[in-house]
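Following this message is one structure expressed as structure tokens.
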Amino acid sequence: MQNGKKLVLGVIGADVHAVGNQILNHAFREAGFDVINLGVMVSQEEFIDAAVESAADAILVSSLYGHGELDCQGLREKCDEAGLTGILLYVGGNIVVGKQPFEEVEKRFHNMGFNRVFGPGTSPETTIQALREDLLGQ
Amino acid sequence: MQNGKKLVLGVIGADVHAVGNQILNHAFREAGFDVINLGVMVSQEEFIDAAVESAADAILVSSLYGHGELDCQGLREKCDEAGLTGILLYVGGNIVVGKQPFEEVEKRFHNMGFNRVFGPGTSPETTIQALREDLLGQ
Amino acid sequence: MQLANKKWTLEEFSQLRKEVLAAWPTGAQVDLDEALAYQKAIAPEKRFVNKLNEAVKNRVTLIQPRAGVPLIAEHIALLKHLETEGEADLLPTTIDSYTRLNRYSDAERGIKESQATGKAMLNGFPAVNHGVEGCRQVTSAVTAPVQIRHGTPDARLLCEISLAGGFTSFEGGGISYNIPYAKNVSIEHTLLTWQYVDRLVGLYEENGVSINREPFGPLTGTLVPPSISNAVAIIEALLAAEQGVRNITVGYGQLGNLLQDVAAIRALDKQTREYLERFGYKDCEVSTVLHQWMGGFPQDEAKAFGVICWGSAAAALSKATKVIVKSPHEAMGVPTKEANAAGLRATRQLISMLADQQLSDDPALEAEIQIILDETRCIVEKTLELGDGDIAVGTVRAFEAGVIDVPFAPSRFNAGKILPARDDQGAVRLLDVGKLPFDERLKAFHKDKIAQRARHEKREVSFQMVIDDIYAISKSRLVGRPRG
Amino acid sequence: MQLANKKWTLEEFSQLRKEVLAAWPTGAQVDLDEALAYQKAIAPEKRFVNKLNEAVKNRVTLIQPRAGVPLIAEHIALLKHLETEGEADLLPTTIDSYTRLNRYSDAERGIKESQATGKAMLNGFPAVNHGVEGCRQVTSAVTAPVQIRHGTPDARLLCEISLAGGFTSFEGGGISYNIPYAKNVSIEHTLLTWQYVDRLVGLYEENGVSINREPFGPLTGTLVPPSISNAVAIIEALLAAEQGVRNITVGYGQLGNLLQDVAAIRALDKQTREYLERFGYKDCEVSTVLHQWMGGFPQDEAKAFGVICWGSAAAALSKATKVIVKSPHEAMGVPTKEANAAGLRATRQLISMLADQQLSDDPALEAEIQIILDETRCIVEKTLELGDGDIAVGTVRAFEAGVIDVPFAPSRFNAGKILPARDDQGAVRLLDVGKLPFDERLKAFHKDKIAQRARHEKREVSFQMVIDDIYAISKSRLVGRPRG
């Protein structure tokens, strides 16, 4: 049973970690979301184009390989420019280089305009729960 | 070739760790010392009696099981009383309960009157070197 | 009392009992009927025997730490930490060394000094001093079953108090808690004190309260050949069964060569059952325990994890019923609760990852099992012979004769004539068989194995090999090869 | 240039070379004659090939970490730490992800931001940007041999700079550094770029400088069946040998079932030698590498140590020539140097303790080896057939046809039709064989194995099994059993 919400999903930058992406794709569909999965190595532009085109409700950015901080800079601003004002932005994975205190990392990504920030090993269930809260008010 | 120096060796208190004691006994003899080995479960009185009787140059106290701090209290004073003034006193092994900063432990045992204090895993060679310095001026 | 392997009458037991309970004021707190009622109220899943029997049935390996601190509140916090953060299946209460020697006033001093300094001044939990009520606080505060682990030659009072205190398993035995843990106590004496313990457990058993008993497998923990520790375990199992014990865990300390370790546990399980059967103890439940390496550890914590994990692998692949876990602090001192839990979690990872794997039954493994079975049989049979069929009497004479001989033991009642050393693959063999009653084939086997190593190392067979082997694991080796 | 498995002429090579070196300013620093002279001056014990050959001869397992940080001084400090505190035998220099994609100006930005923030903003060492001199600073600062480890589809410039920079080993290959590491790059393209790399190494070889080459064994690191990674390793070895490479390390990523892991390394070693022999590359030196578990790790550091140690055991028992070591930070991020060294020391402990042990050659092991040999042969032979005898051309067609198929790969040139899952003992089998050219017996074997598990778990064979298996090790399991 589809819940009517559309997600754009992908792994940002030069990142090729494909496993988590394939699992999230599967899990979100099972949970009733409409998923536009861009796979790995997705540029900011590709995320935005896909979201505009599909009138998505949220963009879910994965970053595993450590360059997340460089890759995500300016994404919120570009969304605004493209008319995606206020679109829900999540980021998750191993989004910085090394083992860093999560609170600090979260703050930096919040400041970059992400609504929610998820640390390493976040389970699909947690993410789905957050999406339901934010998109369906459940 | 004997070096003429006499050591009283033993494991203090209710401690039954016998392996290190047997190895030290062997190593000190090989190194030319005359060893009176009292084995395990040795009381302060037994250490002192053996040292008085043999006119020993040093008492080497092992403690492995963690009660070293309780077991060693007052040994220096009892040596003094028994006329063993200034006798060389070493202690070594796992002399306190738990993993504690060695500097602090060393200080506490120095204050109890031990000339040298050795941490866990001290090799026989290190101990022999110290004995040579202190007893033979080498 | 005259030593014989014969079930004590209730009279014999009751006579001694008064004296035992009078040894320290807390003894007066023990009332057997009240204790039985208390034990019966303990939930089934909190009983040691149930957890073990289930694990035997499912062929899984449970994990258990060692742990004990002097004060009750701290000890409870420690155990809770080990079950939540350490994922322990079974919990311990490790007793301090003064209590082990019945020096209860020294233990009292340790409690006081620990309270005063805020530091643990005892190396374990002084259960006798804390009494029945103190023990019940501990056993009722946690959800896993709890066992008393110690090293006490005369554990009669300790057993009385701890069973009344809600513990459902009691480690030790008349040999295994004498030879490695005492210097001047005769075997005869400890066999008697442990008959008391076993009879007490038998009494609980007869009254519908099943208590697990566990002979201490690793002995001195230092290069003990499997057949010696297996023989001791079997003898203690027989002695316990005669007094009415019905649930027995026989143990073994990992030596490091995987084939030998797996073979040792398999042989131990099989042969313990066989001997119990043979002497008519047909309703005994048997389980096995592998102790992660019991000798000197490397000081470095990462390397210690290596040793811990290899012990876990041996436990999982041998399908031991439980594994006793070391911590990365082992070489340094009694571990913090965090270090202890870390050892448990590393063990959990290995045990779970290996749960579905096992070594295949190939000829090499079969041969190793057979060697251990044969050697153990030589020792146990000779012991029976020396006792004219009485295993208790035989044990005393076997130690006198060096027929049972534990390497590096502090006890003067142990011959100390054998010398163990590793062979070229790291299995523990005998460089000197002393007076062990091995037949010529077995003697030749050991000689060949050691000679093979000596040839490889281009040196003579000597005591230096033994020393090198004692240090080896703490220096990241298994076989203590000559340097350079 | 037309793809064919044929040694490039010097002319073909030189023509391309100018273009390669012009891709980034530091390319101008490379002068082959000067580089050869520099390499020849490197002490023999600092050369990768010598250490490996010695280890093969002595049947010992060397240990090597992964490590790379953006700035030169920090990178040197890191490597020194790993050789002193980590006791590493072989050192790496792991390249950052921008460099891997030839995005040198992004790498430049990463260097700048790392300098500015004092934090590592790149996930590796940008060797191209640091140039020949920067590389030489690194390779000359340490005593162990150093290898470039990366994941670069087009590594031509990187190889030029790093060989001139004193590195004596270079990881990767046209398949193994494409399929797991790229999305839109054709196999044809990377086979060509890697022929360049191999030809360059061949040139060094012909000029008396032996460089080690190592195809990347684990591919996506996620449930890759041994026959697939072995087939890729063999193909890349053949391709490298044709271009003049003479020292090759073939690799495999640990899967967790001991029998399968040991079998995979043994099969890999044997079959690589056989194929090299068959195609006339008779003077090739072959060694093997086992990578500790390459999939998702547990977050807890103690549990991560468990995974690390089990990988070490597999490496030691399979007698792999070297083992690539993970750190207890694996699940969290690029490790600190301390965490990296801790992983190495745990590995060292296991490798040394197990040095003298090995699994016995029993029928179960032989059978597992045979399965891997048979499957691998099916894949390689079909690939040859598709290329009309040309393994390079065949490889392109094999990927098109799904004859070679890597699970969970990001590349759109990979069929992605197979589905791996564990059997009831935790060995990785195929739930869906896709288009793999297996004969009926092999297909039935996989089907049976998976069915056996499904029966045990009382559930249908399904994609959920695969998902459960992907998460299993990070949840302290090997087989992803259904919950509850």
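Labels for the chains are A, B, C and D, by order of writing; each one numbers its residues from 1.
Just so it is clear, contacts are C-beta pairs under 8 Å (C-beta built on N, C-alpha and C of every residue); 3 or more make two chains touch, one makes a residue touch a chain.
All of these numbers come straight from a predicted model, not from anything done at the bench.
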Chains in simultaneous contact with chain C and chain D: none
Chain of greatest Cα-centre distance to chain D: B
Separation of mean Cα positions, chain B and chain A [Å, integer]: 65
Chain centre separation (chain B, chain C; CA means) in Å: 30
Approximate Å spacing (C-alpha centroids) for the pair chain A, chain C: 54
Chain contact topology (line, ring, star, complete or other): line
Interchain contacts, given as pairs of chains that touch: A-D, B-C, C-D
Chain D residues touching chain C - in the complex, by the definition given at the top: 256-259, 298, 300-303, 305-307, 309-310, 312-313, 341-350, 352-357, 360, 362-365, 424-426, 473, 476-479
Touch list for chain C against partner chain B, complex: 96-98, 100-101, 103, 106, 109-110, 113, 119-123, 151, 180-184, 220, 222, 295-296, 299, 329, 331-336, 339, 408-410, 463, 467, 470, 474
Parts of chain B lying in touch with chain C, wherever the complex brings them together: 13-19, 22-23, 26, 39-41, 65-67, 69-70, 94, 96-100, 120-121
